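To start, the structure under review is shown below, and the notes come after it.
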Amino acid sequence: MSALLEVRELGRRFGGLQAVDALSFGVGEGEIVGLIGPNGAGKSTVFNLINGVHAPDGGRVFFRGEDITGEAPYRVARRGLARTHQIVQPLANMSVLDNCVVGACFGREDLSRARAEDVAREIAGFVGLIDRLGDPAGALTIAGKKRLELARALSARPLLLLLDEVLAGLNPSEVERMIVVIRRIRERGIAILMIEHLMQAIMSLSDRIVVLNSGRKLAEGRPEQVANDPAVIEAYLGNPEHAARLRGAA
Amino acid sequence: MGPPAFLGRPTYWLIVVATLAFAFLPLWHDNVELREELLLAAIYVTLAANLNLMIGYAGYINFGNIVFFGLGGYLCMWLVSSHGWPLVAAALVGAAGVSLLALLFGLGILRLRGAYFALATIGVNEGVKAFVANFTPWGGSTGIYLPIDAFAELGGPAKALWVIYFLLVAVMGASLLVSFGIKNSKFGLGLLAIGQNEDAAVVLGVPAPRYKALVYSASAFLPAVAGALFFFKSAFIQPDDAFDLVFSTEAIVGVMLGGQGTVIGPALGAFLYEELRSTLLTAETFSNFQMVIAGVLLLLIVLFVPGGLMGWIHRRWPRTKRVLE
Amino acid sequence: MFGILASILDGVLVGAVYGLAAMGLTLIWGVMNVINLTHGAMIVAGMFGLYYLASVAGLPVYAAIPPIALAGFCFGVCLYWVSVHRVIGRPPLMSLLATFAANLVLIGLGTAAWGTVLFNVPVSLPGISHGGYTFTGTHMMAAVLTAAIAGLLYLFLYRTRPGKAIRAVAGNREAAELNGIPTTQVLALAFGLGVALACASGALIATLFPFTVLSGAAYQLKSFVVTVLGGLGNPAGALLGGVALGLLEGAMTPFMPVSWTSIVEFVVFVIVLIAFPAGLFNFRR
């Protein structure tokens, strides 16, 4: 499996804090890779470094073999790398449809507005927003806004999708539906790198997991490996004995 | 390949009808007073419609927007008086020069976000005014005067005034059509995204730096032509008139009053404001209060009806959104 | 040579007053992310306040400053409630337009009342002479008073409860709210304080130079430059920035016609904004 995204020795400081420290990992075509770690581990920062919101202090980012380190976000988007945000950012006074049309127009394919509208409609249907197309994006519920965030990113026809806590704030049935959508995204051949706190969801969805703690890679491997890694457990729960007792009790 | 889509849009026809009305009403009645009134209104509409591209679409307030009007006037007057150019060529080439300057300047100051950009545009206006006031080839603080025979090429003063009027109405119509065209284009969509949330737009792939510079430059062209025509008509230009921040402010009030971000709004707002202004100016006491009234209007709009007239209409009657863009 | 040095030193003195003017602007900007475009008008209000209290009503010049500051505070609180309160949560461009509109009203009323007539408050204080150059007494007095006011501001912000509340809201409004601080009242207080500083600085400037209703624009510009030099919301930085600007002006005036001063200041403004968005004198991280 060829590496679609490769991150090498990525580093970034903010003032006194080393937010990301010599991080290396990759995402292959068609893979779903989960990025987990305790709060403040630097996960969203990694996304910002990949898609150009911040330039890294050290290390490189490769996408489809090309060095995209520090490229402006709109150039990264053009290459086929789309991203959702942890705190949703709808273009509030524009319609749901227009939000997706923006994604489609300025994404990987340089589509005309008319063609982009077709793509946007298709994606909106795929994601479940088809009856809300005319509504202003600001009027959606939080679940709707999350779906819009996803639809916008998908409308760009990306090769790689960065999902930042796309399940946060959703109730269990909404989570179920979103998981189904994510699986169907993979079926379309789009690779996914996802940050998530919902352990069960990310463990069941991911092919591989990368664990981050204080900006450094703590562990990497298949979900089962990572879940049983004592270092990972300690990072989350502070003490492996507690974890053992919890698992014993479960 | 059928007829173009815009022919089916009511807003397009509204623009055409309004432009034709402006052109024919004074002509039909041979009413010079009406023509002069509508001429001023046409200028206000032109300024507002082009300013709307920045404020309403891209979300960047250009406090110093009048600099395009003034510079266009100066370039044209200079080409006509010092080099004997015919009016239309001077106006167009002058405006192209202003657009180019705007592009260059824009690339610099558009790195500034929101309020900082707004303040910097005042600086651009004041800076250009100070420069021109000290620039002897352009008459310095005295300005440029056109000789009496300047109107000969247009068939004498009386005819020239009509020709200039029609040209200005054409500029107004063009401004509205540009506004309409951009709003429905991919470029316009990108601008609107920038106006809503520039960071999110950039992540979505909108090439913000390029688009902002382009719209800033585009918003300069037609006001520059209008300035060229206006000052040629006055046969006289000087820095204080050319770079008048009061005029600049009134354009902003027009945009906000009518509804920033819509196509019709700024035109309507500018027209209404101009009518209000000219009515009030006839009363001696009110002329001192011109800016007070503009300020009160603007404050009320920003506080209570930020969407302006069209925003209110769209909210009250949602069906009108498609019809009156 | 000494002429230039004297000019620069004089610039430092005057610059301190610019710093005072900017403190009001930067305080409001830092606390509620609102750029107060009525700032210039408030400076002018302070100037006229001094004129009426000192030249017309006969109060001793420097004794007129506290009542002017107080009046400025009250007016600032009213202005907050009228123009700013409703736009606080909204996009910053809306608050910009709101204060811009308020400024139009104020300057418009001012020009209607006083036209563009030049006013002057004659103040005579003994100066210090050295080598043929005199440092005017008023300049020195203004700098001293500025230091005093700045000191009072520091005490207020760091040693009193309302002052600490202002700093808390400036740091994190939601956290302050959750801690039981009545943020709206604090914002009104901060705005009033900012306007009071502007009025006080206007009164001091009136002791130095003649003025018209339209003088505020130039001082507002200087305040902007100083604010961005010092970093937003950083009153100490504003003082340093003011001195720096005064220094720059002092160095420029022997060589440049006065009308170009504003242009240079604007260029500095834009350059600092682009190159040093956090300010040159902002030592807080």
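As written, the chain order gives the labels A, B and C, with residue 1 at the start of each chain.
FYI, a contact is a pair of C-beta atoms (placed from the backbone, for glycine too) under 8 Å apart; a residue touches a chain by one contact, two chains touch by 3 or more.
What you are looking at is a predicted structure, and each value in this text was computed from that prediction instead of being measured.
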item: Fewest hops from chain A to chain B - one hop per pair of touching chains; value: 1
item: Most remote chain, CA-based centroid, reference being chain C; value: A
item: Most extensive contact between chains (C-beta pair count); value: B-C
item: Inter-chain centre distance, chain A versus chain B - centres from mean C-alpha coordinates, in Å; value: 44
item: Length of the line joining the C-alpha centres of chain B and chain C, rounded to whole Å; value: 34
item: Computed distance of Cα centres, chain C from chain A, in Å; value: 47
item: Multi-partner residues of chain B (each touching 2 or more other chains); value: none
item: Junction residues of chain C - those touching two or more other chains; value: none
item: Chain A, residues touching no fewer than two other chains; value: none
item: Chain B-facing residues of chain C, complex; value: 35, 83, 86-87, 90-94, 96-98, 100-109, 111-112, 224, 259-260, 262-263, 266-267, 269-270, 273-274
item: For the chain B and chain A complex, residues of the former touching the latter; value: 184-186, 189-190, 192-193, 196-197, 199-208
item: Residues of chain B that touch chain C when the two form their complex; value: 59, 61, 63, 108-109, 111-112, 114-116, 118-120, 123, 126-127, 130-131, 133-134, 249, 252, 256, 288-299, 302-304, 306
item: Chain B-facing residues of chain A, complex; value: 51, 53, 72-74, 77-78, 83, 85, 89-94, 98, 101-103, 105-107, 112-113, 116, 152, 156
